Every structure is written in structure tokens, then in C-alpha cells.
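Two complexes are shown next, each including subunit A; its partner changes from subunit B in the first to subunit C in the second.
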Partner chain A sequence: MNLLRQSVAMAAKDLRIELRGRYALSAILPFAGTLLIVFGLSLGPGRTLLQETAPGLLWLAVLFASVLAFRRAYEAEGEDGALEGLLLAPMDKAAVFLGKAAAVAAQLLALEVAVITLVVGLFDLSLGGAPFVLAGAFVLGTVGLAAVGSLFGVLAESPRAREAIFPLLVLPLATPVLVAGVKATSLATTGRGGQAGGWLGLLVAFDLVFLAAGTLVYPYLLED
Partner chain B sequence: MIPRTVDAPRTHGSPAADPATPAVLLSGVTRVFGVAPAVVRVGLRVERGETLLLRGPNGAGKSTLLRIVATALSPTYGSGSVLGFDLLRDRDEIRRRCELLGHRTRLYEDLTARENLRFVCTLYGLDPSRVGPALERAGLADAADDRVSGYSQGMRQRVAVARALLRRPELLLLDEPYAGLDEEAKEVVDDAVRDAGAEGRTVILATHDPGRGDMAGRTLLMDGGRLVPAGSASS
Partner chain C sequence: MSTAERMMGRLTARRGEKVLGLLAAAGVIATAVLGLWVTPPDADEGNVFRIIYVHVPSAWLAYLSFFIVFAASVAYLATKRIRWDRLAAASAEVGVLFIGLTLVLGSIWAKPTWGIWWTWDPRLTTTAVLFLIYVGYLAVRRLPDSPAKRARWSAAIGIVAFVDVPIVHLSVTWWRSQHQAPALLHVAPRMAASMAAGLLVGVAAFTLLYAYLVTFRLRVGRLEDRAISEALSPRLEPRSAPVEPPPTPPAPKEVSARG
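Showing the complex of A and B:
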């Protein structure tokens, strides 16, 4: 019960900071939008090619946006030593992991709505085929990205490793999410949602593994 | 292979309830960062209810020593107990009873002072109704609902002091708490130290400020990572 209460408090604190700082709105969303437009321009005007590549570009935009969102989430902890405050609190440290994952997942889901809208407009992507499969892929993929980012974000707070180590750790580990997300999205947007079960299952397995690993390992990563 | 710690005594079994157990007991504590030792074979005994003043030049190891006592850092070698709890094995018990007020205020810039302290209440399981009186006592009642990002360094330090007042820890560790404070705010810190002493709580105060610390019952000097006899520190 304490774990749940403390996780909710962590998530609420992070979301409040994000809402006040408007980092997602002012930096991450424009970044994701620019990425999509640049890729779209580089692929040329061919409608079929754009529609085929749209799921991949969409997930790439979400993946890079998640890296920025986690850097921001941990920057707030590092600005004035707040992370040490969390370390010294006699709390279940897994609450920090779960709370941060929940807060960034909420931000990413809101961001995905905007990015999907942009992709539909730019690439003429159809969402009508299997909306529940599409929603499932994004929710499950977002949870997986949030779990990986929350787990390894704390390592990036090491003063020497700060900038480079986080994407180097997260991007390779997030590959299964990227692959499964792209495949499920592609099937859902081409009216073959019924074939996406295996990819959604992979996302569920990824989420369970990283949520469990994060809950168990995170307290040791946080300690000196 | 050299063990990370040696001779760590087992101090389980509710030893904190025993008033004869010292507040802090360190033996041969050493902390090395890379190859540079910050604290070297420090042995220290601080009795319960004692107010100890720790002086020494910059880089003497005072902050590292206080962070080890607070369990923010582990000793590379050596052993110890805090309030009867083992420094390595009983970290959560120590953290529950100890507050470190250090160089960094550990505040969230985009939250107000009140929100910062309410968050602390959630983490420590404290009654949030304590927040108002603590902020008032730190002289922040009027600015309690302003974001910390608009605060001066002195005001931030007051919020950190309010956090210490909020918790009323058994062991209060103050690392240069007067830095950046005006005279009025320094009095707030002094009052907190005096109150802790009057209530039988233990305080370790590390400061350069020569005009402060007169409430301490004992003064120790630190230099080059070691505790040295009074009068022999290099500054």
C-alpha cells in the first residue's frame, strides 16, 4: 500500500513539474513534429511509400521523444540534489521507478495523440481498420518505453555519464518495442489487425519483464 | 580481494531504544573517490543529545563524513553505527531518524515551498498539517505558495531548514547551513540547533562561520580527511 501511495505521489509530483515547465509542449512535441516532416520530405511525394513508412516514422518519433522526456524527468531530480533526498527517504525506492515511469507514460500517451494526428494529416494514414489493436500497441509500447527509460534514467545522473549514456543504453534495449510497435501499427492501419496478436503479446512480455526488473533492481541503482 | 568494509559490528535488536548506545560510533571509516581519499580512518563517538561542532578548511572531508553518517555515501572501508543501527545494513532505520541539511537544498524548482514539504510528508509518512507551522517558523509563511524557482538562495535554505523542523529527527546533520543566509535566517538555524539540543536530540554541525556554533558542547577539527587535535588544522 505504501508502494502504491508513494508511486502515485512521485507521478503526481513529476506531472505537476511537467505541467508547469511545459517541456513536452515547448520542446518534445516540436521535435517529434519536425522529425516527421523532415523524414516525410526526404521520402518524396509518393503516397504509397509514405503510407508504408508512416508506422516506422511514427514509432521513431515516439522513441526519440521518450529519450528527451526521461532526460527532463531526471534533470529535475538532479538540479538541486533532489535525487539524494529520494535516496535518503525511508521509502520503497521502487516507488521512484514506478512513479517516474507512470508520469512519463502519461506524457508520451498525450504526445502520441498529437503525433498520430500529424501523421494522419501528413502521410494520409488510415486508422479505421483496427482501432483497438492500434490503441493497444501504443499503450503497451509506451509502458515498455517508460519502464526502460525510468530504469536507466537514474544512471544518466552520474556526473560523468550524463549526456551520452542514456540513449546508448535505452535505444538498443527498446528495439523490441520499436519492432513490435511498428509491426502491430502497420497491421492495424492496413486492415489486418487480427494478425497482430503475436506482436501485442511480445509487447506485453516486454512490459512485464522490464516492470518486474525495474521494481527489483532500481533500489540498487539508486544507492551509492 | 580487499573487502569493501571490515569488522562491521552487528547492532540489531532495537538497540536504538538503549540510551547508552552512542548516537554515532565510527571505526576506521575511510572513503575514497577514484584514487583520492576524502575521509581517512576516522574514528568518532558522539553521545546522544550531544551537539558537536565540526570545523576545518575546504576539502577537509567534513561533508563526506556527514554524508557517510547520513548513509548517502557508503564507507570504502571501516564500520560504524548510527543511533544503534549498522551503517551499512540498517540504512532505512538510520534514514528514518536522521536529517542531513547540506550544500544542496534538494528542492524542486517548479514546486512551491508548501508542495515541496507536502511531498516530503508523503515520503516519510508524516502528517501534512505540520507543513504550515514549519514554514511559519522558518519565516516563509508569506512566500509558502510561491514557486521555489523565484526564491533567493537564502529563502531556499530556509525551506530546507523547514524540512528539518518538519521531521524533528533524532540526529540532525548540518553541513555549512549558514552559507548564503542573512543574519535573520542564521538565527532560524541557530534556534533549530538549540531546540534540538534542548529536546535531547543529537546535532553535528559543520561550519566555517567563526561566529557560529557557540551552542556546541564539543568541537572537533578535520583536515586532510582526518580528525585532528584542536588547533592543528591548516587554516
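Showing the complex of A and C:
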């Protein structure tokens, strides 16, 4: 399958860049940590309040960190005319979309492990109960976020989009991921993982819609 | 000369657009008369209820215009004709205007009836998210420097944003259903005939208004594109004829553009 091979090559290229540059590790992870500390400070030291809000804060940190990760994924393409090279490469444009989404998803998942660890420590969130539901929520939510980010990250190629416009576009589009992710996480961490099926289904629907729409629409975004 | 005349002709509104504008104005006046005087006050809410005659039509219009954005975006990507992009842009601008109006009117209505300006009701939340998505759409439209790129980018967003709407709505509906059920309005069954008529006239009038605003915006869009293309490549025909000394500046075009 040609599309698959091309996507894997694309993802491998992006991950290699990340491994050599370590941007996620050196900038995005500390940023997510800072967010969590700031959330904690803004909500005060009350333990129960922090426990209740922890799933929401966790997903907010993931969402904001993911915006940085998407921009990073395309920043490298803006340098030295790399995007032109990508356009001229004899490959399916949809493979660029899928490959970039896969690379960003891999980075985000690694980031989420660190963020979850921080939240468990800082806000005393208990992960027991339904580990599979929790893992499912994060994997599915990450795929959806990565699809949105890989699709519209191209816009960050325009210098003026780097500041506010990109998050302005991406965050409202991703509200279903936030809502479903937070709900599934809070059900899983309070021992009601069995009720999270609907939310996981919603995440699956979001992923499928955005992966399909992205595969169809992305070639037009890139074309020049 | 003939090209200049044709241009001047297209600068001003055509007859169809004027008629549309007059019809829309008549419809809005009719809505105001029906909503303020002809219809009775609501049994429970009194006169506050009259806001429905503008609130519901503007909400309907916002959703209609985002559907048009979607359809025009698909048409643009399929045909690559810039007129579809202009239609999407015009419809999105009008849609953002009316969805903003819907939110403001809804808040004004909510305060006296529910006692709060805002509640996290699924419909309200979806509307607010939609408002933000299409504000983002309009913001992205200002980014690219080439019209073709702008058209492609915004078409992609116009499609994806509309596809996202049902998922957003579903998610906030479920999200809300775990809390206390919101005080939803069940207006339709207990509506007096004149109320239903007022609502229908309002919807028709706002739809006409939408058509007029979009037509107007399309014409402005065409003029914008022409102004840009002429600034980039000044036309040479007038000067190619043997020129006489008095240097008359090429003013008439500009004068007519202002008038």
C-alpha cells in the first residue's frame, strides 16, 4: 500500500527531526508543566476542588501544548523552502497529512504520559479503576487533535497566523475532543469507567470525520 | 469607452439588487409591525416574548448562511471558480453578523425569563462555539497574500467547520445532560396564529435581508478584486493612442468609484 508507506516515511522524517531537535522536550513539556502549576495556583490549595477539576485541567494543558506541537510540525517545513520540496516530491499529498498527524500524535502521547504523571502528583488524581478507558480516551483524543492540527497547521506557514489566529481556529473546532476527553477521564478516575462508552464513541466519530475530511481536503491546502 | 461604461454600470447596484433591498426592508418593517402591535403578548412572559420575532429568524439565518458557506466551499474546490469563494466569504460575513445578533438577543431574552444572561444549554453552547469557529474562518481569510491560496484555505475550513457542527452539538448535548435539564422553550404548540404568522414573516424577511446583504457583498467583492487586479497591472489601452500634451489624470474612473 503506497499511501501507507509514504505516510510512514513522512512520520519517520518528522519524528527524526524531533529526536534531533528535542523541541517538545525542551519547550512544550515545560510549558505544559507551567500551565498546570498556574492552574493549581489560580484554584487555590483546596484538595477536593483540585481533585474535581484535575481532568479538565489535564486536558486543557494537553490542548494548549498540542497547539505548540502543531505549529512546530510545520515550522520546520517553512525553513529553507522545505515545503516546496515536499510539494515537488512524487508522493500523495494525503500521505503528508497522515504522516504529520501520526508524528504529532506520537509526540503528544509521550507528552501526555508526562503531563498525567504531573497531574497525579500535583492534584492527587487517582488513576486506578479503569486504566483502559483512560488510555482509550487519551489515544482517541490525541488522534483527533493530531488530525485537526495536521490539517490546519499549514496555515501557520503564514507568518501572521503564528500568533492568535491558529489557536482561534483550532480550539473551537476541537471542543468535542475537550468535552469528551474530560468526561471520559473523570468517569475513569472516579471508578465509573463503564459509563464512558458513549464518550469514547464520540471521540471515535470525531477521529474518523477529521481523518476522512483531512485526507480529502488537505491536498487543496497544500497545492500551489 | 465602452469598457469604461460597462464598468460604471457594474459599480452601482443592478435593478434586481435594488428590488431585493426594498423587499427586505418591507419585510423587516412588516415583522416589526406584526411583532410589536398585531401579535398578543405571551401568556407567561408578556411583552418580553416579542423578541422571538427577531431572535429565531436570526438564528435560522446564521445556520443557513453557514450551510451556504459549506456548499460554496465545495463548489469552489470542485470548479476553482472564484465566484464561489466570493459567495462563501459574503455568506460567512453575514452569518457571523447574525449569529452574534442571535447570541446578544438570546442573552437579552434570557435575563428576564431565566434570570441569567447565559446558561450552558446545548443550543446556546453550540451557537457560541459556531460563532468562534466562523470568526476564526474570517480571520484566516485575511492571512494569505494570494487570492487563490486564500480561496483554497478558506474553502477547506468552510467544509471542515460545517462537518464539525453536528459533533460539537452532540458533545455539548451529552455534556449537559449529566446536569439538571435546562429550561427549554416549548413555544410551538401553544402559539397563537398571529404569533406563528409573525414568526413566519420574520423568517421570510430575514431570509430576504440575507439575500440582499450577500448580493451587496458579492458586488463589493467583485469590485475589490477588480481594484486589486488593476492596481497590479494598470491597463494600457487609453495611453496606447497618440497622446495629446494636456496631461489629464485618469480621474473619471475614481470619481465614479466614489459615487
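Definition applied: the second predicted complex is superposed on the first by the 218 of 224 C-alpha atoms of A that agree within 3 Å, B and C clash if a C-alpha of one lies under 4 Å from a C-alpha of the other, contacts with A are read in each partner's own complex, and residues count from 1 in each chain.
Rule of thumb we're sticking to: a contact is a pair of C-beta atoms (placed from the backbone, for glycine too) under 8 Å apart; a residue touches a chain by one contact, two chains touch by 3 or more.
This one's a predicted model, so the numbers in the text were calculated from it and none came from an experiment.
In the superposition on chain A, contact of A:A180 is made with subunit C only, not with subunit B. Touch criterion met: A:L151 reaches subunit C, while subunit B stays clear of it. In the superposition on chain A, A:P172 contacts subunit C only, with no contact to subunit B. In the superposition on chain A, A:P131 makes contact with neither subunit B nor subunit C.
When the two structures are aligned on the shared chain, A:W199 is found in touch with subunit C, with no touch to subunit B.
Judged by the touch definition given at the top, the superposed model places A:A213 against subunit C, while subunit B stays out of reach.
Comparing subunit B with subunit C, the partner in contact with more residues of subunit A is C.
Shared contact residues of subunit A with subunit B and subunit C: 223-224. Residues of subunit A touching subunit C in their complex: 151-152, 154-155, 158, 160-161, 164-165, 168-169, 171-173, 175-176, 179-180, 183, 198-199, 202, 205-206, 209-210, 213-214, 217-218, 220-221, 223-224. Of all residues in subunit A, those touching subunit B in their complex are 2, 5-6, 9, 13, 16-17, 20-21, 76, 79-82, 84-91, 223-224.
By the touch rule above, subunit C contacts subunit A in their complex via residues 77, 129, 132-133, 135-137, 139-140, 142-144, 149, 152-153, 155-157, 159-161, 163-164, 167-168, 170-172, 174-175, 178.
Contacts from subunit B toward subunit A in the complex involve residues 70-74, 91-93, 95-96, 98, 100, 102-111, 115, 119-120, 122-125, 147, 156.
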